[in-house]
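As written, the chains take the letters A, B, C, D and E, and residue 1 is the first residue of each chain.
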Amino acid sequence: MITMTHYLVFSALLFCISIAGIFINRKNILLLLMSIELMLLSVNTNFIVFSHFSNDISGQVFVFFILAVAAAESAIGLAIIVSLYRIRNSIEINLINKLKG
Amino acid sequence: MIENILSLLIWIPIISGLFLLFFNKKIYILNTYNIFINFIVFILSIFLLLSFNESNAAFQFVEKIEWIPSINIFYHLGVDAISVLLILLNTIIFLIVSFYNSTLIVKKTNQYYASFLIANGLTIGVFSALDAILFYIFFEALLIPMFLIIGIWGGANRIYASIKFFLYTFLGSILLLVAFLYINSSISSFSVISFYESDFSLIEQEWLFIAMAIAFAIKIPMFPFHTWLPDAHVEAPTSGSVVLAAILLKVGAYGFIRFVIPVVPMGAQSLDVFFITLSLIAIVYVGLVAIAQNDMKKLIAYSSISHMGFVTLGFFVIFQLFDNTQSGSDMIISLSGSMYQIISHGFVSAALFMCVGSIYDRYKTKKISDLSGLLNQMPVYSWFFVFFALANCGLPGTSSFVGELLVIMSSFKANYIYAFFASTTLIISAVYSLWLVKRVVYGEVKITLEECIDANLIEKILLFVLAILVLILGFYPDYIMNFMNATLENMTNNIILKI
Amino acid sequence: MIIENTLNSLMNFIPEIILFIMSMIVLLAGTFRFSTKYVFHITLLSVVTALLLSFQNYAVNASLLFNSSIIKSNVTDFFKYVCYFIFLVQILISRNYLVDKKLASGEFYSLLLFALLGCFVIISSNNLIVLFLGIELSSLSLYSLIALNRSSIISSEAAIKYFVLSTIASGIILFGFSYLYGITGSLSIEDIAKHQNLNESSNLYLFSYILVFIGVAFKFAVAPFHMWLPDVYEGSPLPVTNFIASIPKIAFFVLAYRFLEDNPIINNDNFSKLLLLLGMFSILAGNLFALAQKKIMRMLAYSGVANAGFIFLGIFLAVNNNFSIAAFYVVSYSITIVSAISIITFMSSKKFDLVYINDLKGLSNRSGYIAILLMITLLSTAGIPLTIGFYAKYLILDAMIDRGLIIATVIVVLMTVIGLYYYLRVIWFMFFERGSNSLINTIGKFNLFVLSLIPTSIILIFLFPDYIFKYVFEILT
Amino acid sequence: MESLILFIPFLLLLSSIVIGLSPISLNNFYSGIIGTLLVFVSLVLSIIILLDIYSAEEIIYYDDFYKWISVGDLNIGMGYLIDKFSAIMLVVVLSISSIVHLYSIGYMKEETDFKRFFSYIALFTFSMILLVISNNLVQLFIGWEGVGLVSYLLIGFFYKKQSAIKANLKAFLVNRIGDMFFILGIVMVYAAFDSFDYKTIFLNLNKIDLENLEIYFGLSYIDFSCLFLFIGAMAKSAQIPLHVWLPDSMEGPTPISALIHAATMVTAGIFMVGRLSPLYVLTEFTADFILLVGASTALFIGAIAIFENDIKKVIAYSTISQLGYMVAALGINAYTVSFFHLYTHAFFKALLFLCAGSIIMSLHHNQDIRKMGGLKSKLPITYVSFMIGTLCIIGFPLTSGFFSKDLLLEVMLYENSSISFVAYLMLLLAALVTTIYSLRLLFLVFYNKYRDKDFENIREQSKIITLPLIILSVLSIISGYLIKVFIDLPIFMFGVSDIHYNGIITFIEHGILSPATLALVLGFYIAKKIYKDKISFNFIENNLFNKISLIIKSKYKFDEFFILVSDFMKSISFKMSKNFDLGLIDGWVVNGFPKKINSLAVLFKRKSSGYLYHYAFSIVFSLVIIFGIILARVI
Amino acid sequence: MDIITILFYLVTSVIIFSSISLVIVNNTVHAALLLVLIFFNSAILWLMLKAEFLSIVLVLVYVGAVLVLFLFVIMLLDIPVKKNSSPKLYLLFSVTTSLIMFAELYMIILFHNFSDEANIVVSSELNNTYEIGLMLFTEYVFSFEITAFILLVAIIAAIAINMSKKQRSLRQDPGKQILENKKSRLKIIKGDEL
């Protein structure tokens, strides 16, 4: 029987993988964005699980908003990446350290 | 007006100083303005002295206004004899400094004068605040004008000195704030009067004592915390040095007698041997260090530290005195001695720094090794210099002797070893003062100035006034002793009750 | 009924609505190539209108709007006033800078307004969804604002760093939200707090709160979640930095307040210790890092880290629902830092960016007035008496001692001394060093007047603080 | 009558201030006259007081001018205590002072700082009077330091001369060593009696349970306090080993040497011990100590004078030696005797110095006796005066020195203890030494041939110089005949009841027949043979004698010892300043900690990479740690 | 083992494995496609949780719009595939950290006593889409409006950030390069002007 805990552990694992994706990745900034999407996915899953098991629709409404915002976020993220690429001709993360100290 | 005299004393100079910041006119107007304000303050302080009832030990001219009732802070002013004397010292020194400043040429004159005026008001605030936080605010705020005075108008290495001065004293004073807050958290009042009525356990008192004593020990400064002072003195402009030595160090001493000893006497008692030792080290060791200095200002700075050792010695032997004799009388004597030393040192060091400053103005050097035979070129100055150097080594007949005698006396009654080390100052202070005189004042001329200017009229008058004050204080100390008597008696009774 | 309710809510939310509408007008004005002058004036007009309307709309009692998703009370109004004030100063000062840097445009101002609105939404939110949207609205606007400075390498770098890290923080916060929702079955913050009141403490609840507060710590830039702050400060255009440094801090403080108000979790040993340790660590790290900085904005950023630590301490000390200490700290710090960054903005000119602290050498010779303003501001940040910053630190220390945290207090106090050093360094550069950078802009009478508003109020509030204290204590206790 | 006492210090102070601050327009000569007149008036007043005191038995003037300090139980006044003892001292001081004032008008007339000089000596006289009339220890100390101060200023009067400014610093510092102990002594007395006042102290002497006072290092409390007080006196009265300043102090103008360094100030120590005699009689150890110090000073320092070639320094060493006599007498509690010698010595030593001054003036500031000789004819008045002085100092019968010295030796002999007998022998030997060096001086200066150029231009000084010499000569001769007064001096608790004084004639007879006369004759013989007749004795070539003379010529290395000590202290203070104060406290702690913190900050700054993934990692890592800790706590 | 269980494990394992490979893959296009896979599987998972509307939205919005945008940007920038070269130690450290984090979350979830299935009321009368719509336009209408603004911000930002009025690219113009000489390339400025 698949219980709530199963779902929650799954999304926790997804969350951890996505976060690991952010800091393991050293080359491509686009992967970072994808990891972020993954992270939001895990959060969404959480919400849906809770919504389902407590039979309360508002969790799903939240997911709806998160989806919308995540879309907007990735749009802005990609815009920034494009502008970064234009000015530096590269989007390698390990070259972005002009600001430090 | 008489009820608000303290507020007037504080705010007249501060407000006129702030006004001066935005008021850059011809120099003689500035001079007149500056002297005028300082003179008004001086007159007011004389007025305060005269209308003060010295037989009444309670705080007088009390002003208590709700300032920040929501956090229990009051605008609470009031004076007892100690404060009155220090306020008077303060106004006299600032008046003298304002006259002295008028003989100088400095850049940004209006700001320079403004800093001094503000410092004047703030110091009076320190001496008359009866609310601990108000005291702390004045105490801290006082750093800012001094910081600027040293930093803007100071010598070559002024930045280092001013930063050191500021940070070091800030370090101490913020511990003081912690102590005040702690006291407040248990008696829920910042009033000095309720501080006196507080009753802490021994261990609390010890910690409170350490926190407050470090703050004031840095300010005074006591032995291991003293190294900021020589630097600050060396780099400060002459008037700054005068104020620093004559007033700011006294703020530390005042803190001891106002906050540390009466508030946490048990803490002080249990740590008094340690502080007595530090005082003795200050007297002997710092005195010896003073001998080795080649910079006149540094030498006088170290001698100030050494003299302040007497003040703290007098403060801290009272507990052992009480143990030995079970009477308050010796404690009063000891405290009077310290207070007298405070006042006396104010005048003597002020005069010495003025002398050195004027020498520096003319010869552009403060190095002892560069100078010799000043007596040939500026006799008037030199004789004043000799006089104050002698006063500095505690020659009887000058004011310094009184305090030293009383403190040595009291410390002997506490423990003969203290007295032995304390009395070495007779030798050590003579060595550094007179060796200085020998090298600088006497002998053949080393640097011949094209046109040698001896003291001008104002300088002569100022030094003369200071000399007369030193002599009067030396030959007739009884007025001041009597003046303080009731207050100190009350204070010692309080202390005795609490230990 | 729903419609009536909504209409009523709209009426009560009119200042924000006005801002929403005006921000779009600003955008349109920009799009139709109005001169930047008009854009600026429209922005100014909209903010002033909104401010006036919100004065008129001042709520003494709390009321719930939009089906309880928005709360309007004297607390929210107070913080909004502060934000309006800060925002007004910021846009007034930044006008010339933006024109010089060719950033002044309709989209810039409208994004700025959106960011402000996002913060207002955070301040008023009573619901996790609205809260999340508010956070995202302000953050997204700010990412874009930073990235708008297309020509600058460091701006885009700052933007991407801010973007990625902030999104992680949002993710962490959301993760916490999801658990909170799961435990309580409600998205209302009030209900969430009540749940804790009713049920015995559950570990998951604690951990989800920790997740949320780690997110908050990130937004406040509390060490060790502070790395983005110096980079963003340095990289973004000064007006944006000015915004990031102040208004979101206030908004997130209100968020923290909402989450902890009437919530016994603040008495939870683990949670409160976490706040305390984060605060202490932040003070330590911030001051230490700030010492070595040569660039003025980075220095201010690290000082901001230290101050964020103080804010966390303030939140930690908010037992018995007494948030007034932290609130006072937040407000005083925000207006102070706005003053500092505004002064720096003012001094930068077309040819010259004030980047290094060295550039300030001898400023007092060139313009003593500005030097004094900056000095007052910095002394306030350091917490020296005669400035409002003193009371801010004072209240924190006082409360810490009341809690019996003597050693922590002493450590904090010692760190303050270290912190004082780098403020003093600026002061000594301005006053004690010789020579002055002739490129520094010191002219502009109106701007000087605006600049002196905050330092003056810093000192005036120091002298007569009681009204403010009473007010803050009343609404936040 | 009693109110007159107020005028004496007042007039002197007035004189000092008026002359010191007078405008340049005031003529030097007139200012000198003013000063002299004021002192002279004081002298007259003091004589009136003296007569008044002697007019009746047991008159003591005692009162305070004003309260100096009254705080708690402490009362210190500025006042006076005039009894026979201090009245005599008053007269002695004022008479010498007025004579020196007069003399100085002539002696200093060419100095530019004439007025400063007069101001100083008036100030000196004031301080000395303050000391003499004091009724408490604090006032005594004020006067004590005051005279020291003026001595300091006057030794350094020629401030351009390196030797002068070295000497004055030395004088002051050595005195300060004494003062340190002196003040400790004062404080000890105060601690025991709770008062500085003589009257209270003496009255309570019997009430205080002396046994109950603490004992330090095996010595009783009173022993210790008296010892400390005496160390103060040792510095002031130039006793071994603190005598080193006095020979150097001859850098000052000669009248000063007469007034301060011979007649008055240096005897302050003797006066003080006399004043506190009620205390001193209670001590045993300290008395013996005093005796030995005095006797050895008298002998050993006297011996140095034999080999000294500077005319003033010879007299200075002789002063030290004579002071040794007085101190030795104090050591056997014979205070009156000591005081008697003080009194006679004041006159003849002042006389000798003034004569020396006259000679020096005449020889244009040549002080080296090897370059003098045969001045008998050129300076007749000086010669006679000098002769009288010399006779007095060697104790030639019927001169004042004869009375005081013989009395002293007699008393010493009658004291029944081995130490005092040793002291007696030493003093006897010292008498021989005194004779030798005094006569050597006389012979070398006035007899034989002049050993320098320009003999023709030497001539006697003006009347203003010679008049004081004549007055002092007369006083030197006659002062000894007042022996009765001193023997009867009542203020000392243990007077000289042991002395069997049977009138002056008997005393003279007895004195002439004493061993001292033998020493005198022997000394005269040796001195005449060696210094006048230039006959060398065999024993001088003796190896042992050579060694002894070498030791004496080295002045026992006291100066070197003090230089060593001061160099040591100096190097210590330099080292402490550099290594400890600047190095350890300032450099290592005060500046060191901030520097360490700063370098830590710089290190952190350098180590931070600025990479996005590091930032993200640190966030997650912190989160993991926080979770881990709290999990561990929760579970 | 019922079908739901099998499906759950199947779907979740696909998601986990694809997400792990997404994290470590070098080729961005592959990553994007993996993301598509993940989203599809998530949609299945959400369907299992009876969130039909959202699973449809996920596929439509994410796969249909966002990931296309991603792919578009990938193609636009045309970034060469580079090997991810984290130092071993760092890699170890970060993987460990994530594992610990998972372990912690696992423990936290496990320790919490979720009332499994107790609350599940099997399928209400209303359908999922209707319910969400009702909520959106009544209770969450304000949020809905804000979302609109967020999207507006995204639009403005995306345009404004990349809208360039003139050529700002750092790409070098060969013609200009040839015309440069030593003087115009090297400009000496004083140190303190920096």
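Assume a residue touches a chain if its C-beta (ideal position, glycine included) is under 8 Å from a C-beta of that chain, and two chains touch if they have at least 3 such contacts.
Bear in mind that the values here come from a model prediction, so they are computed numbers and not experimental data.
The set of chains touching chain C and also touching chain E is given as A, D. Chains that touch both chain A and chain D: C, E.
Counting contacting C-beta pairs between every two chains, the top pair is A-E.
Most remote chain with respect to chain A, judged by CA-atom centres, is D.
Chain B has the C-alpha centroid lying closest to the overall centroid of all protein C-alpha atoms shown. Averaging C-alpha coordinates per chain and comparing to chain C, the farthest chain turns out to be D. Separating the CA-averaged centres of chain B and chain E is a span of 68 Å. Centre-to-centre spacing of chain A and chain C amounts to 26 Å, using the average Cα coordinate of each chain.
Look at where the CA atoms of chain A average out and do the same for chain E: the two points lie 4 Å apart.
Chain A and chain B have Cα centroids lying 65 Å from one another. Counting partner chains per residue, chain C shows two or more touched chains at residues 129, 133, 136, 140, 143-144, 147, 150-151, 160-161, 164, 168, 182, 203, 207, 231, 292-293, 421.
Counting partner chains per residue, chain B shows two or more touched chains at residues 167. For chain E, the set of residues touching two or more other chains reads 94, 97-98, 101, 105, 108-109, 111, 114, 139-140, 143, 147, 150, 153-154, 157, 161-162, 164, 168.
Every pair of chains meeting the touch criterion is listed here: A-C, A-D, A-E, B-C, B-D, C-D, C-E, D-E.
Taken in their complex, chain C has these residues touching chain D: 160-161, 164-165, 168-169, 172, 203, 206-207, 210, 214, 218, 224-225, 227-228, 231, 270, 274, 288-293, 418, 421.
The part of chain E that touches chain A in the complex is made up of residues 2, 4-5, 8, 12, 15-16, 19-20, 22-26, 28, 31-32, 35, 38-39, 42, 45-46, 49-51, 53-54, 57-58, 61-62, 65-66, 69-70, 73-74, 76-77, 79, 82-86, 91, 94-95, 97-99, 101-102, 105-106, 109-110, 114, 116-117, 119-121, 124, 128, 131-132, 135-136, 139-140, 143, 147, 150-151, 153-155, 157-158, 161-162, 164, 168-171.
Residues of chain B touching chain C in their complex: 21, 66-71, 111, 133, 136-137, 140-141, 143-144, 147-148, 151-152, 158-159, 162-163, 166-167, 170-171, 174-175, 177-178, 181-182, 184-185, 207.
Residues of chain A touching chain E in their complex: 1-10, 12-21, 23-28, 30-31, 33-35, 37-38, 41, 44-45, 48-49, 51-55, 57-58, 60-61, 63-65, 67-76, 78-83, 85-89, 91-92.
Chain contact summary for the complex, chain D toward chain A: residues 605-606, 608-614, 616-617, 620.
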